[in-house]
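Next up: some structures, all given as structure tokens.
Paired with chain B in one complex and with chain C in the other, chain A is shared by the two complexes that follow.
The block that comes next holds the complex of A and B.
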């Protein structure tokens, strides 16, 4: 068995290099075909009719007028008479038509008689109202140590209220697929994070054997945790295609429906009380929190509190789920973590302000409560250095004259990662060609690039000479891309498959080189006796020795036995530097400094890109994003991109990323970086704004309204 | 969207002949930045769409004996780039640049800016212009953070026009063509607060076309527009103010101050303006006028902050005009 361990840091030729994403030109030029770009001959357009009400019952449904519209090729009913609709956007029927606008007209021609129940509950931020409406599901108190005694003994007690609303997934490529039947077989082009698994999921819905479905995806426009399953819209598209004699049906959600039902991130509201010594050492924690993830209630794990600083000795944690008539929750990049980070770091920052301590010192002082104190301390110091904390930090609110106030704030994060199960198949052809295959997917993160880097490093063959096949469920199974497990899974599997194939190649050429296979190495397009370039042959010469049958080999990552190539568990710190115009409440990001631990880094450029993307999401979440529900009508008022605000390039500010590329971290192996950098940003920005303006804006996002309201409330308290 | 007939006239007369007596019969298409989304959402369902982009008479910016003539089809990008506009009417150029997104500035027209429909999210979600339910508007008891602080009757939406405030401050008129001949309306009177869901927010009949905007000479006038945007990227202002100060030496002879995005029409702040007359502008004087401009504001449950934003916008616009 080959020795799979990664080459030493200083020996790597391809891994560790900041190589540009190999599909960049294809994407930048528009040649890349995303699933939503797939247009097949004779294709029909599918569209959903969804509930206009947050809570209603279908009395009757009449599709006859829709069916009569010329060009309409099929209507399916999802919610028949008697069905209870539990949120605005719930699926009622689907249509397929020759053109998109005909499909829209057909949707409107479906006559539904609704019994509107008018008892919807859609806003959870007011706990008392939720209680009065009997929508609260407490999850029970969890007590550790003796919080009552600890609060009695505390030299200072700091209390605060904080809130972060529901965000909705807003992938640029909406959810959906194009599919077509060919007899009993189906060609399926989903937008998915789960190429290997999604056909089986759809097969289950359709009650057909999974092997009848061929799923394929080259590029996808964002999933962030919301695109693992096939969903109802795939099943309806399949029925509509079948009904139309197998004609292809394209059904991607329109933007409004996408925001309403394609998944949201649970909210998190609550009160936190901290007890501490005068030197800033935290001794007691008490949190009472609530959240909603829709009809199913919570979806948020409050037991992650206190976040990162887990080992505060005395703590009491209460959490409740609120049931609402709103679209359901789905995993959202680092599920739970940004919310619990925001609440925890805000409370710690407020404690520092109450003690008139530098929060950087307070975060460092309590680092022993974290699982990796050394990492956090060094990251806190590094990020502080990146924003010049020493000269730019000031006591809360103490930030000079003029309407523009500058502030700095800290956020922390952690994530597990590790690698999903994945199998890679490597083929070496007699003509020297190399193929690498996995049923994985590139969500836009650079997965293609890093797989090729690993294969190139292992085989000594240039990246450009390696043919990589991913994005097809006929390739060896790889796990879904979620939880920052892709890079671990695919890099380990690729490493093993390519070395297993190489071992067979060594055996084929050992005689020719006059050395045992175990004495050979593949370097720079050659096979040579280890350390002896004079006894070598070119890669092509070597491959000719294979004979006529290509070499194939597989390699597997088994998440239960990761075997040293990969690891999980990282820390990260971000510090935000912001300007706030206290006359308008407008917040501008000057800079976000990112100090992130992520083990062995295969490609520092794509790794930094993960951080950039994550920080941009944090800027959106901290300043702009919010699902706005209307209590009167139950309607999601801003379910389109005009009012569901996201940052543009000028709103983002500078992002500076520091990744610790040092032997100590490298030795841990590859660790995923999808979620970790999205965790600390919101907390950092919120603390920076607080530092700038002198008062806590309790609820995110920090819009001009919230900033000015918080300043006005503070004025009233003072006067 | 509902199927429609597409008409592509080449003269104003031809276009007028294609319009109808109700909004359901025909809608005018210029830049299309608003109409297309209204039609996709079935908020407008015209039987015919009349493209006016080919009407040559509606193009161009030219100096006249009495000021400036701006064709209704002039795009916001053309307006912002025009040398006469930039030098003589900075408030107008600044407002045009405040429309955030190059795409909208390149497609959107001056006439379209004046005639666009409100962005009120109740209206855009199909609850009607006044969002009426059981005889009263949903806005006061609902999510009203972006709504009017100068409401009129049941009209709580805000005028979306960006050019309205500076053009009113500059004393512009709008010229309108109809089969019975052209008419001119002072822009201040062109915007009207609708009394019911069926009315429009501008003085324009379904069979009329805005053809041009006439702006009096800007010589001796200092002007500026200040808009408060949360984002630099695509976004609507939260509040805006345009000021035009006719100077007498170093003192203000006559001032005009108009607020945007705070009421169902642009809001003319006459008392604030007259407080500047005969004064040399200082920060304190600007602040005083700004306070007067919002003195009559009637904020709703969630938009008290907009009173401050409007005040800050007025103050900053006055100071920018004098800078």
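The block that comes next holds the complex of A and C.
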């Protein structure tokens, strides 16, 4: 068995280099094809009719007028008479037509008689109202140590209330698929994070064997955790296609529906009480929190608190789920973590302010409560240096007399990111060609690029000479891309497959080079005797010795046995530097400093992009993003991108990323970097705003209105 | 939008905040940024969801990337849908479908517009340039090269729109400052968060295009 371990940092030729993403030209030129771009001959356009009400019952549904419209080729009823619709946007019917406009006409021609159910919608922000409406599901109290005694003995007790609303994924490519039947078989072009698994999921819905579905995806326009399953709309498209004799159907959600039903991130609200010594050592924690993930309630793990600072000795945690008639939650980049980070770091920052301590010191002082004190202390110091904390930090609110207040704030995060299970197949052809195959997907994270880097490093063959096949369920199974598990999974599997293939090549040429296979190495397009480059042959010459049958080998990553190639568990710190105009309430990001530990980095360029992107998502979440539900009707008021705000290029300030690319961390192996940097940003920005204006804005996003309200409330308290 | 947008902004007093940032202050009360600008472009059209049913398809011709295309569309069909579904120019993407995100940006008579907010019938007789028309065969446009070089894309779904908007912006601002880039590309949105790379890419492309 070859020795799979990664080459030493200073010996790597391709890995560790900031190589441009290999599918960059295709994307930048507009040639890259996404699910929504696929147009098949004779294709029909599908569309859904969805519920305008948050809670209603279908009394009757009449599709006859829709079916009569010329060009309409099929109508399926999803919610027949008697069906209860549990949230706005719930699927009622689907149509397929020769043109999208006709599909729209057909959707409008469907007559539904609704019984609007008369239970008042509850916004989960309002715990008391939710309780009165019996929509609260407590998940029980968890007590560690003796919090009552600890609070009694505490030299200081700090209390605060915090809230973070539901966000949606708002993937720029909407959810959906293009598909077509060919007899019993289906060609399926989804937009998915789960190429190897999604056909099986659709097959289950359709009650057919999974082998009948061929799933293929070259590119996808964003998932962030919301695109693992095939969903109802795929099943309906399949039925419409079948009903139209197998004609292809393309059906993607319109923006409004995507925001309403294609996944969201649970909210998190609550009160936190901290007990501490005067020197800032935290001794007691008490949190009472609630959240909603929709009709199923919760979706949030409050037991992750106190976040990162897990080992506060005495703690009481209460959490409840609130049932709401809203589209269900789905994994959203780093599920749970940004929310619990925001609440925990806000409470710690409030404690520091109460003690008139520098929060940086308080975060450092309590580092022993974290799982990796050294990492956090060094990152806190690094990030502080990046924003010049020493000269720029001031006590909360001591930000001068002018209307523009500057402030700094800290957020922390952690994530697992251990590689998923994946199998890779490597083929070496007699003509020297190399092929690498995995049923994985590149969400835009750079997966294609890093796989080729690993293969090139292992085989000594230039990246451009390696043919990479991913994005198809005919290739060996690779895990879904979620939880930052892809880079570890595919890099380890590729490393093993390519080295396994190379071993066979060594055996084929050992005789010719007059050395045992174990003495050979592949370097710079040559096979040579280790340490003796004069005894070598070119890659092509070597491959000619294979004979007529190509060499194939597989390699598998099993994450229960990482074997030194991959690891999980990183820490990260971000510090935000903001300006707040207290006359307008507008928050402006000056800078966000990112200190992230990351294991072995295969491509520092795409790794940095992950960090930038994650920080920008945090800016969106901290300052503008929010699902706004009408308190009476449960209607999603801002379900259009005009009003569901995302940050633009001018809103993000400067972002400086420091990745700890050092032998000490490198030795751990590859660790996923998709989620870790998306965690601390919201907490950091919220704390920075508090530091600037001298008062906590309890609920994010920190819109001008919320900022001004908090300032006004503070003034009322004072006078 | 695009270059036109930029010149609009330049006339306004500098507040240090983006329009998007300003608008969100009024929450749901804010109007669409795109709409106001599109009025100036005189190419605004109601979004298709609000359009009345047409009198059936009418023959039109569109002049795309120097090539004439004859097609039949209903009057309510947007330029974006005509390009994507009736022809095969799928570089421009449909994302918000109402003039907010810029993913559908094309150049119409030299100006960047949101193709989702222009009716196909209104684009007749005008020069339409899509992202496909910017590269010469397999040779990438300098803006595209710079996007690749600075990793100004992740999922890439917003990228063609950004590339076209950047090209139109640079046509009017061959020597932009960093601030101008931030203003000039404020009409496009990216969910993956590639703005850092985009800023660098546009500045580099400007240098490259000046030669």
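Just so it is clear, the second predicted complex is superposed on the first by the 717 of 719 C-alpha atoms of A that agree within 3 Å, B and C clash if a C-alpha of one lies under 4 Å from a C-alpha of the other, contacts with A are read in each partner's own complex, and residues count from 1 in each chain.
Following the convention adopted for this analysis, contacts are C-beta pairs under 8 Å (C-beta built on N, C-alpha and C of every residue); 3 or more make two chains touch, one makes a residue touch a chain.
Bear in mind the structure is a predicted one, so any value in this text is a computation, not a measurement.
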item: Touched partner set for A:612, first chain B, second chain C, both or neither; value: second
item: First (chain B), second (chain C), both or neither touched by A:709; value: first
item: Partner chain in contact with A:651 - chain B first, chain C second, else both or neither; value: both
item: Touching partner for A:687 - first (chain B), second (chain C), both, neither; value: neither
item: Chain C versus chain B, contacts on chain A by residue; value: C
item: Which superposed partner A:30 touches (first chain B, second chain C, both, neither); value: second
item: Partner chain in contact with A:341 - chain B first, chain C second, else both or neither; value: neither
item: Partner chain(s) touched by A:291 [first = chain B, second = chain C, both, neither]; value: neither
item: First, second, both or neither for A:630, with chain B first and chain C second; value: first
item: Which superposed partner A:585 touches (first chain B, second chain C, both, neither); value: both
item: Chain C-contacting residues of chain A that also contact chain B; value: 101, 104-105, 584-586, 623-624, 628, 637-638, 640, 642-643, 645-651, 703-705
item: In the complex with chain A, residue positions of chain B that touch it; value: 1-3, 40, 42, 119, 121-122, 124-125, 127, 133, 138, 141-143, 145-146, 228-236, 238, 302-305, 308-309, 312
item: Sites on chain C touched by chain A in the complex; value: 16-18, 20-25, 27-28, 30, 32, 34, 48-49, 53-54, 74, 76-77, 81, 84-85, 88, 90-101, 103, 130-132, 134-135, 140-141, 143-145, 147-149, 151-160, 163, 181-183, 185-199
item: Residue ranges of chain A in contact with chain B within the complex; value: 101, 104-105, 108, 583-586, 623-624, 628-633, 635, 637-638, 640, 642-643, 645-651, 703-705, 708-709, 712
item: Chain C-touching residues of chain A, taken from the complex the two chains share; value: 20-21, 23-25, 27-34, 36-37, 39, 45, 99-101, 104-105, 170-174, 219-222, 224, 254-255, 443-446, 584-586, 588, 605-606, 608-609, 612-617, 623-624, 628, 637-638, 640-643, 645-652, 655, 703-705
